[in-house]
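Next come two complexes, and both contain chain A; in the first it sits with chain B, in the second with chain C.
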Partner chain A sequence: MIRMVLVRLALTIPILLGVSIVAFGLMRMLPGDFAEAAAGTTSVSAEVLATTRAQLGLDRPLWEQYGIWLKGVLTGDLGRSFATKRPVTTELLPRLAVTAELTLMAGLIAMIIGVATGLASARLRGRTDWLVRGWNSLLLAVPNFVVATLIVLVFGLYFPMIGIFNYVPFAKDPIGNIASLLLPALSLGLTVSVTISENTRAAVLEVSSQDYVMVARAKGLLARTILGNYLVRNALTPVITVTGLQLAALLGGSILIETIFTIPGMGQYLFDSVTRRDYPVIQAIVLVSSTIVLLTNVLVDIAYARVDARVSYE
Partner chain B sequence: MLEVRDLTAEFIREGEVLRVVQRIGFDIAAGEAVGFVGESGSGKSVTARAVMRLAPEGSSIRWGGRILFKGQDLLALSEREMTDVRGRRIAMVFQDPMASLNPVMTVGQQIDDMLMRHMSLSGAQARKRTVELLGLVGIRDPEHRADDYPHQFSGGMRQRVLIAIAVSCEPDLLIADEPTTALDVTVQAQILRLLMRLRRELGMALMLITHDFGVIAGMVERVYVMNNGEIVESGAIDTLFAAPKHPYTQALLAAVPRIGTRRSA
Partner chain C sequence: MSDAPAPKKHHRGQTMVFIGLAMLAVLLLIVVFGPSIAPYSPSKTSPNSLDGPTAMHWLGTDSIGRDLLSRLIVGGRGTLFITFVAVALALAAGLVLGLTSGYMGGKVDLIVMRILDVIFAFPVFLLAIAVVAALGPTVRNLILTIAIVYTPAMARVVRGPVLSVKRWDHVEAARSVGVGEFAIAIRHVLPMVISPILVQTSLILANTIFTVTALSFLGLGPPPPDPNWGSMLAEARQFMELAPLTVIGPAVAIIFASLTFIVLANGLRELLDVGSR
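Showing the complex of A and B:
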């Protein structure tokens, strides 16, 4: 088990390296660079652009630029933002915290809604099953930015006392902060709840027809014991997998949702940085996001082994 | 102890009603061992489950008639009241030991939960009793094996665990539905001997369901032969073996191979 974790962690290093090279390459392929974006106009003299590029090191060969960046990362230095000249780490960390909070809340909401509706649909069947599956199809068909826009519209028009765009920093008012993130987290989590709900439903149906559930009933156990220890614990394994995989979807979705709800998170920061071609910031965000996704996958594997004793990584 | 009268079982699927047990009646006295023999689809398993009122998951089944257990009609009990009967007064062993244990709980936990439900034992008391029970059904080193998971046991050992679960609360009646069908021939004999021994030691009645006359020989005192949801013949096992009256019973008996006789063409 410990060996498995160490191997998996070691494997993330080449993956992260690959991701950073691809991201580096893709950005340089975009037309324009920071010097042009910062000048804001095309009528700048070539010398001015050249000076800016020389200052930022953009005049060096690509492999050298990548090498300098990588060397910095290995020593814990993510570089300085082209636009603000401040260290990327200082700028990124508070935004990362906001995005992490939003994503975690969305994930939690998705889990609660998904597991509850999936379980209800599989156990109660009939009309409930119909309702849940219809609702899921609807959510699946509608992208999360539309859901977010609808939420903004509905709450903005009919419940104006609930502030939609008033992001409250955590340090200022923790409860207000969580409250201000509830609606964005809901719009982000709803789409993901569909996947969790459908997977929970399928897993519970599968487990329900297993002989050991019949045996549990023959033992005279109470319905809640059977539900918890026999049905849910066995149905959990596939649900853990999809939930872990959905984290990437949540991180991606948060960019849109942060823009719609004007939340000062990593998503908006990334959007601005791409527009400005602020390479160090983009590189840092890609690195941090992929690290989070990879670490989650390792956590999912550990969770498997905790839930199901048959899983062995030897 | 158990008196079943006019028992019917009907599956209901999309408005259609399929009657699989046709107004049957039978008795099992306290401590008695009774066999139910018939081919698959004869209604013997559904009859066994009727006594436990267990419908297969996801199917809709309607029971009719009366199942009197110590004078109380089980069909008249609420589902909640029925859970006090299941496992405590009437217990059941199923056909497939490979699929009958919860893969994410240790074997010990699966006996503990039943003891804690019915015998109001504390966790520690239940564990002590669980280890005793595992020893009783012939599992070596029960203190350590109780913490193993089902996948660490062979088929025969799992059936022993399931028998330990079934007898844990010392029920009045043990229903064994094809308990040896999924096992190796050598293991089959061991499991049957174990069931016989436990019945004697705990004074339980036994309802043994099988398609194989060979299994019940020497195990039970009386036999009911079932075909198409009806009981076609019943009687003491020796009489039935010596002189089967119903053609279906004769056919079933002829299907058991005997050493020294040539199969007729």
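Showing the complex of A and C:
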């Protein structure tokens, strides 16, 4: 087990390095002078530019710049924001917490909807199956920002008394905070619920045809007992895996959802930074989110192997 | 996974592909004839701003009185053009990389797949935003970005089946009678892996519609005044309190376009019997 974890982690390191090179390269790919971008305007004197360059270490060879940057990243220094001149790490962390909460809630909502519809579709078959699959196809076609816009339209315009559009910080009012995130999480989770629903359906159908379920049925166990003890438990493993792998989609979607619902999370921070051309922040967010996604994938793999003895990475 | 007998499934796949193709035809008509079908010029302003649907303006007008139906039709042209060209590029790159990597195997495979793994590690939409933000939101940059972002997914789908097909007897037979490696890859391996590629291409087309419209929604699409669905939805959202119905047009257009490719993908999957994912 420990060996498997180490192997899996070792395989991730080169990819993480590649990701860091891409994130670093993105900053150097910018058209024009990086020092000018850092100064925020093109009309600065030559001396100012020279100082900025020296400060940022732009006068050194590229590989050295990368080395210095990577060393900083590993010690938690993600550079300074062009706009506020404050360290990116201090600005990013509280926003990351908000996004984590939103993503987690969206994941939970997606799982509840997905497992329920998938289970219904696999067990009831017939018209239910047909309905669920049609609903899923339709849902898959509605991007999350369209869902969010429509939700804002319906609730903001026709039910304005439900004041759910003002984000409430968790420290101020935990229950109000969760309530204010419900609709954003729903719009974020709906698309993901489709993948979970389809996988639940497939997993339940597969487990239903296994010998042990047939034996349980032949023994005369109640349908409810079979469902609870055999089907759901065994079908849920792949479902949890799939949910974990949807994290990338959730993180990507949070940019749109946070912008629409004005939630002060990482996504909105990225959006603001893009409009302000605050490149260190963009770079940091790209790096941090990809790392989170990669590490989650490793965790999912490990958890999967731990639950299912048939999986091996040797 | 379905318990339905094969012929029924086949029949259902056929119907879905047919519906998908009909929807695709509508989209293609918009791309080709967009400006000539539109009832007004998409940039012609009028004093009736933020009108609801009327006989003159079927979908109403925007904040400076431009006809929304015309903007939707012409905007669809822009959105779909970027989508089609970007996916075509990703398909071409994915085919070359996946086929080379899968067919040659060994070191080439290892290097190509590791590089693609790095791109694959980024959340697609996040990478797209970062690249477009760095390069600047022009049509060319959007197309390039989206092509790069979706190449790994395409290459993986090509590579997988190539790995097994290249060991099949007919490939061995071709090699034994002296057919060149390049000709074998193109003529004897590629045709065998075309089904999963078709399904994947439709799915990526649907995803690309999402990416393109979402980027424009955030203001990272092709620069104004050219209309496109994403920025139209964003604009409609701004004036939602004054003209709530203007949201419907772009929303329905985006949903229709992605639904086209999802129906097509599902239909092709059942028709060609491609294992789901």
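Following the convention adopted for this analysis, the second predicted complex is superposed on the first by the 269 of 314 C-alpha atoms of A that agree within 3 Å, B and C clash if a C-alpha of one lies under 4 Å from a C-alpha of the other, contacts with A are read in each partner's own complex, and residues count from 1 in each chain.
What we mean here is this: contacts are C-beta pairs under 8 Å (C-beta built on N, C-alpha and C of every residue); 3 or more make two chains touch, one makes a residue touch a chain.
On a predicted model such as this, the values are computed, not experimentally measured, just so you know.
Contacts of A:10 after superposition: neither chain B nor chain C is touched.
Counting residues of chain A touched by each partner, chain B versus chain C, the larger count belongs to C. Once the two complexes are overlaid on the shared chain, A:222 sits against chain B while remaining clear of chain C.
Shared-chain residue A:248: touches chain C; no touch with chain B. Using the contact criterion defined above for the overlaid structures, shared-chain residue A:230 touches chain B, although it does not reach chain C.
In the superposition on chain A, contact of A:210 is made with chain B only, not with chain C. Shared contact residues of chain A with chain B and chain C: none. Within the complex, the chain A residues that touch chain B are 208-223, 225, 229-230, 233-234, 307-310. On chain A, the positions that touch chain C within their shared complex are 14-16, 18-19, 21-22, 26-27, 29-31, 125, 137-138, 140-143, 145-146, 149-150, 152-153, 156-157, 198, 201-202, 205-206, 248-249, 251-253, 255-256, 259-260, 270-271, 274-275, 277, 279, 282-283, 285-286, 289-290, 293-294. Residues 1, 3, 114-115, 117-119, 121-127, 129-131, 133-136, 206, 209-210, 213-214, 217-220, 233, 236-237, 240-241, 244, 247, 251, 254-255, 258-259, 262-263, 266, 276 of chain C are the ones that touch chain A when the two sit in their complex. Considering their complex, residues 52, 54, 56-58, 83-88, 91-92, 94, 96, 99-106, 113-114, 117-118, 149, 151, 162, 165 of chain B touch chain A.
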